[in-house]
Amino acid sequence: MSKRTLVIGIVLLAVVCTLPFIVSNYRTFQLTLVLVYAIALLGLNILTGYNGQISLGHGAFYALGAYCTAILMDHWGVPYWATIPVAGAVCLVVGFLFGLPALRLEGLYLALATFALGVAMPQLLKYHLLEKWTGGVQGIVIMKPSPPFGLPLNPDQWLYFFTLAIGAVMFILGYNLIRGRIGRALVAIRDQHIAAEAMGIHNALYKSLAFGVSAMFTGVAGALGAVAVQFVAPDSFNIFLSIVFLVGIVVGGLASIPGALYGALFIQFVPNIADEISKAAPWAIFGVFMIGFVYLMPTGVAGAVRLITSRRRA
Amino acid sequence: MDALLHQVLAGLATGGIYASLALALVMIYQATHLVNFAQGEMAMFTTYIGWSLIEAGMPYWAAFFLTVAFAFVLGVVIERVIIRPVEQAPVLAVVVVFIALLLILNSVTGWIYTYTIKTFPSPFPAQPLFGNRYLSSHELGAIGVTLVVLFLLYAFFRFTPLGLAMRAAAQNPESSRLVGIRVGWMLALGWGLAAAVGSVAGMMVAPIVYLDPNMMGGVLLYAFAAALVGGIDNPIGAVVGGFVVGVLENVLGAFVIGNELKLSVALVIIIGVLLVKPSGFFGRVQVTRV
Amino acid sequence: MKATYGATRVLHGIDFSMEEKSITALLGANGAGKTTTLRAICGMVRTEGTIRFAGQPITGKRTEDIVRLGIAHVPDGRGTFLHLTTEENLRLGAYARKDKTNVARDMDRMYAYFPRLKERSHQQAGTLSGGEQQMLAVSRALMLAPKLMLLDEPSFGLAPLVVKELFGILRKINAEEHVSMLVVEQNAAMALDLADRACVIETGRVVLSGSAVELKKDDAVRRSYLGY
């Protein structure tokens, strides 16, 4: 890592750590959500960006993680920090199991199947037989955690740092995964799956693993999101959530780790600005930006950043 | 027994609507091997246009036909302007464009018309025909309209030179060029027809589920299920699939799993068919060369 | 018709011309570039240089538009619409035709030339035998009432007697209806019987051209280029 990158890294770290003390509580909450979405987008990127399996239903895994946390906290009084790894583990397993039949579906058909999952999810969550766990249409309310050890932070600031810490762990995990053998295998499968199989990469195992890991990331994000928002309800996990995730990775940059962060900033703050104009405006903007990026900037913001920084060096 | 008959007949009525939308999906798939995720929103948007015309005082059937014509033009324009640049692009790019189209149509409608639910009139009388207890006049009328549309489409494709050219262009674009068919325009025409059929489906379903920008989400899912059951490249299969899915949805919803989980029926059908028999019950099995 | 072009990878410089109402054979080994030449005429591959048809340049035009000028192509592999009926295939041949009044008459003429097509007129074209599909492909091209027909290996997969019959019909059509023909063939012997002139192509270049009669008589040419 060059000295320049190190300096930039330290400056960014300092900024990120002091922000909650400078801005309002609400803004801190929004930044926490940016981190949450960044983790979710990283998850989706592992599956769709790096491994080429299109998921239009990742909102379902987010919902699964969120409900794991909510149910554990509400029914069994599990402390919020302990629910995160559980949500991750559950989503890892469920994602892997979902990945197994998904092996037989290519491109468009997988998109179709995951789209169906995304559309049907709210109804599944409202199912009356599950109501005593899920709280039905009303959902579940979660208590806001207070900072431990009597730290001089208010709850929003604490949640921010908590999410930041988990986010850092997830990003380091994701980075190592992508940069390592597994990541290379995933990309090989995406680009030339027949050649990959011929080279000895066990396609089926890696593809299902990709699903599992991707679901785990998004599930952890869902869990953190539930704690931040303090509330889970079926209608917040509809198909538009999955679509928003797709917007995030396209705009942020497919197959890019920093792309997850750029995308998260985009999907969190655009509605804030556009909401003034009309309730529908953010969605129209998402749609237009998505098409715009596909035609004009397929590598997303991350690709543009890379272009600019590499030109500067040269 | 009585209740079962009622559910089956109601299922046929909604099934006809699913069949129409499924047919639109299959038409586009046959020509391009692409699944139009935005088909539902296209139908919804054009139905709102119809609503505007009726609100402005136009008589129902005039508004109906004008809406269908508008939908046709919209389909052609969308294909030429938005879809054409990505037709040969990788699958992810195409899916993203379709989803973006879905978003834009949905949000523009919400923007212009707001999200308050509106009523959409039915051209059929309020009292059931012959005072029967099973089907409302609208449900019966919807089945009738669906069948007329399907018949017209069938006749068009089977008996007219343009229909023949479109079938040829969908099956074998290269040979079609060699007989002078402008394949690009055939695709655009296909999109136009699909959009027109979709608008009919929208106007038939709106009186039942009420007009709202999100009204086609569930219908689209059922249409996907229907298209897959019948074979995604088989129009007749799509129609049969539509009626089958409609009846299944109603019967299972009323007697087995409850109305709240009806969408899951579509989900299960979709995943089930994709896993067990991806070419559907009437479709052609695709073999890809390695 | 004058054609000068070099599609960089396959054709390095094809230069020949055809006279109206004549039959020219394009001969050469596998991979020499014969099929590519026909595809280039139809605008199906990128070319440099000029192709002129009836005095007008047609390079750069789209295939559909070239067809509408009166050039019918019977492609390598026949290009049959397998899921449509025999009759539908024939009707499609007439799609771009200028005079629609004689379509029915011409379809009857095709059935007269190839009675087996009439027997199978309502069958799916994919169920026809190789030879029948070849006849269908030729008929489909003729339904355009073309001025020029391009035929890519019309004898492929056909029994010799069938080929003789087919070539006889082609000669008849050329004589009576003055349709020019450019025939790509591996079966040089039969092609030279049919054609007036011939060009031999080797690795993307024309290496020899002359009247069919001369080429047939010249033993050296026959042995080195035509393989018999």
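Going by the order they are written in, the chains are A, B and C; count residues from 1 in each one.
As a convention for this text, a residue touches a chain if its C-beta (ideal position, glycine included) is under 8 Å from a C-beta of that chain, and two chains touch if they have at least 3 such contacts.
The structure presented is a predicted model; accordingly, all values stated were derived computationally and were not measured.
If you draw each protein chain as a dot and join the dots that touch, you get a simple line with two loose ends.
Farthest chain from subunit B (centres taken as the mean of C-alpha atoms): C. Taking the mean of each chain's C-alpha atoms, the chain closest to the overall C-alpha centroid is B. Here the chain pair with the top count of touching C-beta pairs is A-B.
In whole angstrom, the spacing between the mean C-alpha positions of subunit A and subunit B is 33. Here the CA centre of subunit B is 43 Å from the CA centre of subunit C. A straight line joining the Cα centres of subunit A and subunit C is 59 Å long.
Chain contact summary for the complex, subunit B toward subunit C: residues 161, 164-165, 167-168, 171-172, 174-183. Interface residues of subunit C facing subunit B in the complex, by the touch rule stated above, are 42, 44, 62-64, 67-68, 72-73, 75, 79-84, 88, 91-93, 95-96, 140, 144. By the touch rule above, subunit A contacts subunit B in their complex via residues 48, 52, 54, 56, 101, 104-105, 107-109, 111-113, 115-117, 119-120, 123-124, 126-128, 194, 239, 243, 246-247, 250, 254, 278-284, 286-288, 290-291, 294-295, 298. Those residues of subunit B lying in contact with subunit A across their complex are 33-35, 37, 82, 85-86, 91-93, 95-97, 99-104, 106-111, 115, 217-218, 220-221, 224-225, 228, 258, 260-264, 266-267, 270-271, 274-275, 278, 290.
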